[in-house]
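Next, two complexes with chain A in common: one pairs it with chain B, the other with chain C.
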Partner chain A sequence: MRSYSKPTLLAIGWLGLMLFFALFGWILPFKEWNYVFEDDLEMGLFSSGHILGTDSNGYDLLASIVAGTRMSIFIAVAAVGLGGLIGSVLGIFSAYVRGKVDTVMVTLFNVGLSVPNLVLALALVSVLATNVDINQAVPTWRRVMVLIISLTIILIPILGRIARGATMSWAGREFVTAARSMGMKDIKIITKHIVPNVLPALIAVAFLAVGVVIIAEASLSILGVGIPDGASWGGMIARGRNDLEYAPHTLYVPLFFLALTVISTNHLGDVVRSKLDSREAKV
Partner chain B sequence: MSKISFWLQRVAQLLIVLLLVTFGVSLLLRLIPVDLATILLPVGSEIERDLLRTELGFDKGPIGYYLQWLGDFVQGDMGKIYFSGGTEEVSTHLRNAMPRSLLLMIYTQVTALAIAIPLGVLSAYRVGRRADKITSNILFTLSSIPNFAIALLLIIFIGVKLAWLPTLGYAPLSDGIWEHFQYMIMPVISLSCGLVSTYTRLLRADMIAALREDYVTMAASKGLSDRRILWRHVFRPSSLTLLTSAALSMGALIGGAIVIESIFATYGVGFEVFFAIQGRQYVLLQSTVAVIALFYVFFNLVVDLSCGFVDPRTRDRRVNA
Partner chain C sequence: MAGSGTAHMRNTVDAVLTVRDLTVEFRTGRDKVVRAVSGLSFDVIKGETLAIVGESGCGKTTLARAVLQLPPPNSGEVVFDGTDLTTLPKENLRSARTSMQMIFQDPISSLDPRMTVQQLIDEPLEIWGRGDRAERAERINNLLNNVGLDPELVLNRRSYEFSGGQCQRISIARALALDPRMLICDEPVSALDVSIQAQILNLLQDMKDRFGLTMIFISHDLAVVKAVSNRVIVMYLGKICEVAPPETLYAKPAHHYTKALLDSVPVADPTRQRKATLLQGEPPSPMNPPTGCRFRTRCNAASAMCAEQEPQLREVAPGQFVACHHPIS
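Up next, the complex of A and B:
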């Protein structure tokens, strides 16, 4: 195996830590993220008992971060997984079949892409998260579901178009023609010959998409339509905004975690893509 | 002739996309599980609501409603915003908001390009050297930091701790240049940081590729100065990628502007979207999203057109493609 560069190892390490928080955060000896430490309001960084301090509600910031990691990573992974799956199926299929199906699909992708991401997300979230009784608050789990669905819908045309483009470039190659002339079924050609070749490109973009989704969740929470009162990084930023004058560390902490995670996913996406490019160059 | 038909086809495509987008938003509104008239007039009587339903076409089914909205929209009637005390025209709101957002976009793009072009040219010229490596690393980090993070940090340090600039509000140009810009500096910085790194990285990669072309060796062997080769022979074709990327990044910029405008209370078009959602002003939402999509698609078309002027090679390639 070839060795990885230092930044890559750091990025993998950081994402590993975030995954640990997300999956096994409940092992850590914290109280609930929204447990109120009444005597310890707005404690600074590195105070005793609260390593990352507390906010003006008396929430321990480290406990909030761990719970927020779970939520933000869950939303990101779910949206990218779903969006990637649906998008790549649609993209690969339409590029393979061509003809009218492809034209319709491209038009639909273009429609999705012609509305800026965040505008579409805002519209979807606001429509989907409307209660039948408009005076009742929408429960957090439903907000999370709505966020995942909306972000998935946004990712479908982005990832779909990349899958389509990659399939286009592979479907015309000789080995595909050869497989077809030997009487291989289309489904088998797609799974055996197209998907393995398209997958690396999709993985590279999926890393970038995780970053996009994390940022989108935070943006929506700042605008008050995400999970502003819940345990997510965006929620913490939205709450911290109110205290930015007197307790700015309540903003620094979530911003730091969010930025480092996005830097890591972007870096890994770049690494995967550059490996891919060098492989392409050899072909 | 084929060129004209190519552009006609392109415009027709865009029109179809626009119609589908606006129809999609219109359908989306009808998916809301609550009666729209009740949301818009929470304290009105049933008679008033019935009047509103007929006025807006809620009683006509999704397609009828869309056609009525489209007819009004094309004629410049973008609907109303419903307050408890009366109504306001959406078009007045947008007319007020539009210049703010447009100025914000223009300043952001100009700032981003003004920083990115020299940086990109420099790092392509000195590829692999220390200056190139340092800028690459800084820009990579910068590209991963979301714009609201930059905005909030700017507010904390420049707005609150140093108290150099106001953190909320907007002043039109007519109030004086400094008045205007002191409200714009922080939003523009927040929005342009990400763009600078996108543009610089693109320009760098593109120029490195162009520097390997035979015509560059040719120009160098003719004894042209490095500066002339760099700007005349290498930058000009590379600027095409930059232009296309400027168009592509417009979407992210518009989205970013919503967050930034609401953080800095600029009250631009992005803020109208935010306001429409917070206040459940669905007619405002529908018309504003349509205006944004229209602007976005139109901008892309203009960029496509201008590509042909910057790089004549693409004209034929596009027609044949």
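Up next, the complex of A and C:
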């Protein structure tokens, strides 16, 4: 049994809790996140009935956090999953085939990476998630979809480059030549030899990417183009911002959850990576 | 040196592999072409071990891979068992290649670190559907026993749990799995300790005798080559310098490069005075090889003719062929 350090256990525990909130938050005996407690405005932390207090609108912060977890984690996992899948297919393919295909792919990746993430997401969201009739609100599900798509587009070059680099180094190994010489087909070489070896590096980066996506989603919400009505952590921060002077905890509570989650994913990414390095050193 | 010519070709029906005018070039830039192998010919007779020696970067490995069509050569023929592999359709090539297997220099990187020994050796059998599960397991056990590994101990371990020598044994077992007729060994022992080298060489020799294999043995270690080969090709910058049986080659090298190579082998005798002049400088770039004889820039005996005319291989003693205008007599 491998032993993990304390910070790693904490990170795993925290992410486990967040995952639990995201998946099973609805069975917890928490209040409706969008129910307005008209008599309990701006209650501080640890008030009776509202453990994390309420904000100036009378929303219960704990209930909002739990509901926001679902949105934030769902968006992050969906975007990283989609981006990782598309990115690694493109990266592995282009590194394996090499030649012109690879040159074109690298150029595309570089173009994608050269555009600042937020600007790109902002542009995509504002183009795709608006109604022709500006008086008609865009439904939430559509904004979520657009958000996921734009974050996926951001992630494809990031993860694709990692997949390409790892494939380059593995495809050059002699066991790949050996597999060819014994008559293995290219598709099989990729699925049997390349993918399993490239996967650990991708998982390490995927953890980091989850952090990046959560931040990006929050940033977009703060800018007002993310999930409306405070249904995510970013949305809560955006709302709490106005009450900084009178009820700072409405800002700090979501920030705290956001920061801990991102630190945890980054830490786990590093752990996976260092585990990988030591295994590599042994090889 | 380094000349072309086909005087050394034996043109016999016993030849398992005949390579004619093989050229491999790599594009490295807009107009830059690395001429790794330039018009090389040789043949290997059944049951023979052909050694190819030369310093790093002379095209030995490229040559071996070109024989296997990994990647295919730019021009020339590779006739194996009467079929020219260079013109074979992809699907036929895939099956033709199985009767030629390769052993690589780096024993560790030639095994996938994620696979157990069982899976590694099963891989070629599975690709070609040789037998059912039980028959394959039986075959894997036999192969491991053949290469001196205890199946019980190794089957479920992965490559990083083994030493270089053991990895090389596993590679050999894997290469033998498809009953190849020819084994191409690309510096199979140069990454191993000297004590292990002898074991692996003996094992290769043993396998060769037992399964009637024909071998191409690539090395830069002349002592190793002497021990295993029937015929030696000395290569320099993608061309052949000299072809000879090892006894002749070691006793009476005819090419100045062969002599320099032999002189550079250290002798365990501190009182011995070095009288040989060692080679000066680096080999020229294969992107821009010298005219005429490719070795002339580092050769003591080079004359004006060497720059103009490329020497052709000719026989200077029975079985000894040299591509030099001024061979050592």
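Definition applied: the second predicted complex is superposed on the first by the 281 of 283 C-alpha atoms of A that agree within 3 Å, B and C clash if a C-alpha of one lies under 4 Å from a C-alpha of the other, contacts with A are read in each partner's own complex, and residues count from 1 in each chain.
The rule is simple: a contact is a pair of C-beta atoms (placed from the backbone, for glycine too) under 8 Å apart; a residue touches a chain by one contact, two chains touch by 3 or more.
Keep in mind the model is a prediction, meaning the values are calculated, not measured.
Enquirer: Superposed on chain A, are chain B and chain C clashing or fitting side by side?
Expert: Aligned through their shared chain, the two binders fit side by side on chain A.
Enquirer: Scan A:Leu258 for contacts with chain B and chain C and give back first, second, both or neither.
Expert: Once the two structures are laid over each other on A, A:Leu258 reaches chain B alone.
Enquirer: So in the superposed three-chain picture, is A:Ile222 touching just chain B, just chain C, both, or none of them (first/second/both/neither)?
Expert: first
Enquirer: For A:Pro196, decide between first (touching chain B), second (touching chain C), both and neither.
Expert: In the superposed model, A:Pro196 contacts chain C only, not chain B.
Enquirer: Does chain B (first) or chain C (second) touch A:Pro116, or do both, or does neither?
Expert: After superposition on chain A, A:Pro116 lies in contact with chain B alone.
Enquirer: When both complexes are superposed, which of chain B and chain C contacts more residues belonging to chain A?
Expert: B
Enquirer: Just chain B (first), just chain C (second), both, or neither: which does A:Leu9 touch?
Expert: neither
Enquirer: Output check: A:Arg173 vs chain B and chain C. Expected answer is one of first, second, both, neither. What do you get?
Expert: second
Enquirer: Contact-wise, after the overlay, does A:Ser181 reach chain B, chain C, both or neither (first, second, both, neither)?
Expert: Touch partner of A:Ser181: chain C, not chain B.
Enquirer: Can you give the closest approach of chain B to chain C, taken over C-alpha atoms and in whole Å, for the superposition?
Expert: Here the least C-alpha separation of chain B and chain C stands at 9 Å.
Enquirer: Taking the contacts chain A makes with chain B in one complex and with chain C in the other, which residues are shared?
Expert: Touching chain B in the first complex and chain C in the second, no residue of chain A appears in both lists.
Enquirer: Could you list, by residue number, the parts of chain C that touch chain A in their complex?
Expert: The contact residues of chain C facing chain A are 65, 68, 70, 94-95, 97-98, 100-102, 104-106, 108-114, 123-124, 127-128, 159-160, 171, 174-175, 177-178.
Enquirer: Could you list, by residue number, the parts of chain B that touch chain A in their complex?
Expert: The contact residues of chain B facing chain A are 13, 16-18, 20-21, 24-25, 28-29, 31-34, 38-39, 42, 140-141, 143-146, 148-149, 152-153, 155-156, 160, 250-252, 254-256, 258-259, 262-263, 273-274, 277-278, 280, 285, 289, 292-293, 296-297.
Enquirer: Which residues, counting only chain A, touch chain C once they are in their complex?
Expert: Where chain A meets chain C, its residues are 173-175, 177-185, 188, 193, 196-197, 279, 282-283.
Enquirer: Using the touch rule from the top, collect the residues of chain A that touch chain B in their complex.
Expert: Residue positions touching the partner: 107-108, 110-111, 113-119, 122-124, 126-128, 130-132, 134, 211, 215, 218-219, 222-225, 237, 241, 244-245, 248, 251, 255, 258-259, 262-263, 266-267, 270.
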